[in-house]
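Inspection log for the structure reproduced underneath, given as structure tokens.
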Amino acid sequence: MKPLIVLNFKTYAESTGANAVKLATIARKVATDSGVTIIVVPQTADIFQVSHQVELPVYAQHVDGIKFGGHTGHILAEALAEAGARGTLINHSERRLQLAEVDAANEAAKRAKLETIVCTNNIATTKAAASLRPDYVAIEPPELIGSGIPVSKADPAVVSGAVDAAAGVKVLCGAGISKGGDVKAALELGADGVLLASGVTKATDPEAALRGLVAFA
Amino acid sequence: MKPLIVLNFKTYAESTGANAVKLATIARKVATDSGVTIIVVPQTADIFQVSHQVELPVYAQHVDGIKFGGHTGHILAEALAEAGARGTLINHSERRLQLAEVDAANEAAKRAKLETIVCTNNIATTKAAASLRPDYVAIEPPELIGSGIPVSKADPAVVSGAVDAAAGVKVLCGAGISKGGDVKAALELGADGVLLASGVTKATDPEAALRGLVAFA
Amino acid sequence: MKPLIVLNFKTYAESTGANAVKLATIARKVATDSGVTIIVVPQTADIFQVSHQVELPVYAQHVDGIKFGGHTGHILAEALAEAGARGTLINHSERRLQLAEVDAANEAAKRAKLETIVCTNNIATTKAAASLRPDYVAIEPPELIGSGIPVSKADPAVVSGAVDAAAGVKVLCGAGISKGGDVKAALELGADGVLLASGVTKATDPEAALRGLVAFA
Amino acid sequence: MKPLIVLNFKTYAESTGANAVKLATIARKVATDSGVTIIVVPQTADIFQVSHQVELPVYAQHVDGIKFGGHTGHILAEALAEAGARGTLINHSERRLQLAEVDAANEAAKRAKLETIVCTNNIATTKAAASLRPDYVAIEPPELIGSGIPVSKADPAVVSGAVDAAAGVKVLCGAGISKGGDVKAALELGADGVLLASGVTKATDPEAALRGLVAFA
């Protein structure tokens, strides 16, 4: 099975504006060469540019659980879709939502035909999030984020436990992923792919980092 | 004196995506014909498109008080600027910020050379916001928002009080503004312009509504 | 079966401070006379006083998902328990929590031996909340809160749907409950009891209102 | 001049429940012996108990900007006052509020005759907070909190700058305060006192720590 690689651009200088287009172009090349699906997740302000210049699925980093109306400063699913997004993260650890908002955001995304990845922090919240039937849940144990220690090795039980808890919803895992072996371990535990950021965006050579990630596939 | 008209697109269907470009194009026409400065404030996802297709100052609806880094789902001042924004609202009534965040967002915007309009709800918070030295404060008494009753008529003392409290920072007023007379009254009370949304975006004929607003100027 | 009546004191004048003690005393009398369990839910500042002066189970209105430490202004489960609380609401519609916080608050409460009622707004979030295994979920459709129309009559399918979704976790229902017939209807739909506030606290005669509620039992 | 010592109990095990009463009793002894005013700031659940058992001014750690009504899980100024609080912190770094909420909380507190200390993070927000006319502002530079380095020594200019910016509102300083010399330095810079927590609550001998703090006075 080919893994799904979801590359979160966060708000790094290396992946903002023109750099977002550059990084997505690199990702496009690696995706084409390897046959692995890579999703890029730029900032909201960069979605239009990236999706119109690079042929690769683009996800948003966040969507609010709102409808058309008076919601100044919020992120509307329909605006993301029209700007070229194909999906969205929801409830990322850096942008947590209330339980009712996770549900509303997931419904808003579906209404606009956006695919959804709901992020979670442990097995219990993975089960809760999966019960809302998003396309994916992405489990990232907070203690491993930015640790350089891949969750698939540091705590394999949390990945396989999340796969069980998700009851059929596909599972991605994040936190500490940077090498092909980490991806391989994740797949062997039942995950469908990985969600990562700094391992690629902050790498000295992002293309080499991405090629390493998909090498084993 | 010519007033400043700040047109908030919010997340209305009439001002999202392609409709945002259309509405900005109308605003551009009215601005050119009248010589009045009109600033358009589309959603973050629409800034790139609007600023690249329409020659008019574009502001963002919100900016977070962050720097480059790991802030998934947040709005970075540098990304707004690179997408074509010239300024940003901060602390809109539909997107309130903590006091320390208002300060940090104002500083982040300045760092990225974005002009700032900090929104407030009464004279006391106008004084507090003005002490942070944004380019503008925009006072919108919450009880008048969406009331159809212009603040410049319903409560003139709150506008002139805000102008005093702002101690030299320019003041816009909002809530219930829809006609040229409302703008005129605001200027006579010491305001530099108005912040409005539905009076134009939801009007049957937005162009006529905008022309009415600037007619007296 | 006897229903469980959970009486939320909110922050009403009629149920703050000395009035909280008075209302709890009335509830105690009705509970004793009827044999129905009534739980009172005063504000945090009133828990000590109510629990030490009235012999009735006292729940808190909110608990944070924190441990002992530096959390100024937050509500610690251990402090609630030591003040006399036997349980707590979590995620009430007027005090929503992030998904990860609902989980953390539920765990914090269990650690301090507090029973938990997680509030939800629809069937999907009821399923999600129930997967965290609180003692109860309490479903309150937001469109019915304060409507005077009991959820058990306005939308019986949402109550029976919540009972199914809760997969064995006991279900309370709220929103619009004020009469014994509302409670009876709720139990017939599979609920174990009701969560209510203004129907009793704001009643001209709270004792009569409470007696009416438990009359059918 | 005698300094004001404000002792924040936070949610430490050493200052929760019965321990809150014990620590307040120690503070009462030191205050009586030294003639220095010490204000204790226990958790909301402990205010009733502490204020009824110890003769010392008690402040709350947080108050919401609400009135009597439907605000489940929020902290009502009137409930704090009736439980025995004489004042309250507002906008502590661990419980930040939106700008409009800081104003509303300050007004709510005044309405209930509670004194107010609004916490801030830098000179700009101190000026903003002081413009709301609370009884005190307390500046705590975030980079020094928990550092063990007293703000009065690490960054004296931030204290004297805050005193200037406060324009007549009394200033407390916090972050890193643990010794009498830190208090003395704060007073010499124009502050009226200090806000501290772990330097006393987590000390091996809290009484000795408190005596050290007031020694120079």
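Each chain gets a letter, A, B, C and D, in the order it is written, and its residues are counted from 1.
Heads up, the rule we're going with is that contacts are C-beta pairs under 8 Å (C-beta built on N, C-alpha and C of every residue); 3 or more make two chains touch, one makes a residue touch a chain.
This is a predicted model, so every value here is computed, not measured.
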| field | Path length in the contact graph (subunit B to subunit C, fewest steps) | value | 2
| Among the chains, which has its CA centre at the largest distance from subunit B's? | C
| note | Check: chain pair from B-D, C-D or A-C whose contacts match over half of those in A-B is C-D
| Separation of subunit C from subunit D, taking each centre as the mean of its C-alpha atoms, in whole Å | 33
| request: Give, as an integer number of Å, the spacing between the C-alpha centres of subunit D and subunit B. | output: 37
| field | Distance between chain centroids, defined by C-alpha means - subunit A, subunit D (Å) | value | 42
| Shared-contact residues (touching 2 or more other chains) in subunit B | none
| Linking chains that touch, what shape results: line, ring, star, complete or other? | ring
| query | Which of the chains are touching one another, listed as pairs? | reply | A-B, A-C, B-D, C-D
| note | As the complex stands, subunit C meets subunit A at residues 91, 96-103, 120-122, 124-125, 127-129, 131-132
| message | So in the complex, the part of subunit C that touches subunit D is made up of which residues? | response | 8, 10-13, 16-18, 43-49, 60-62, 66, 68-76, 78-80, 82-83, 85, 89, 92-95, 146, 197-198
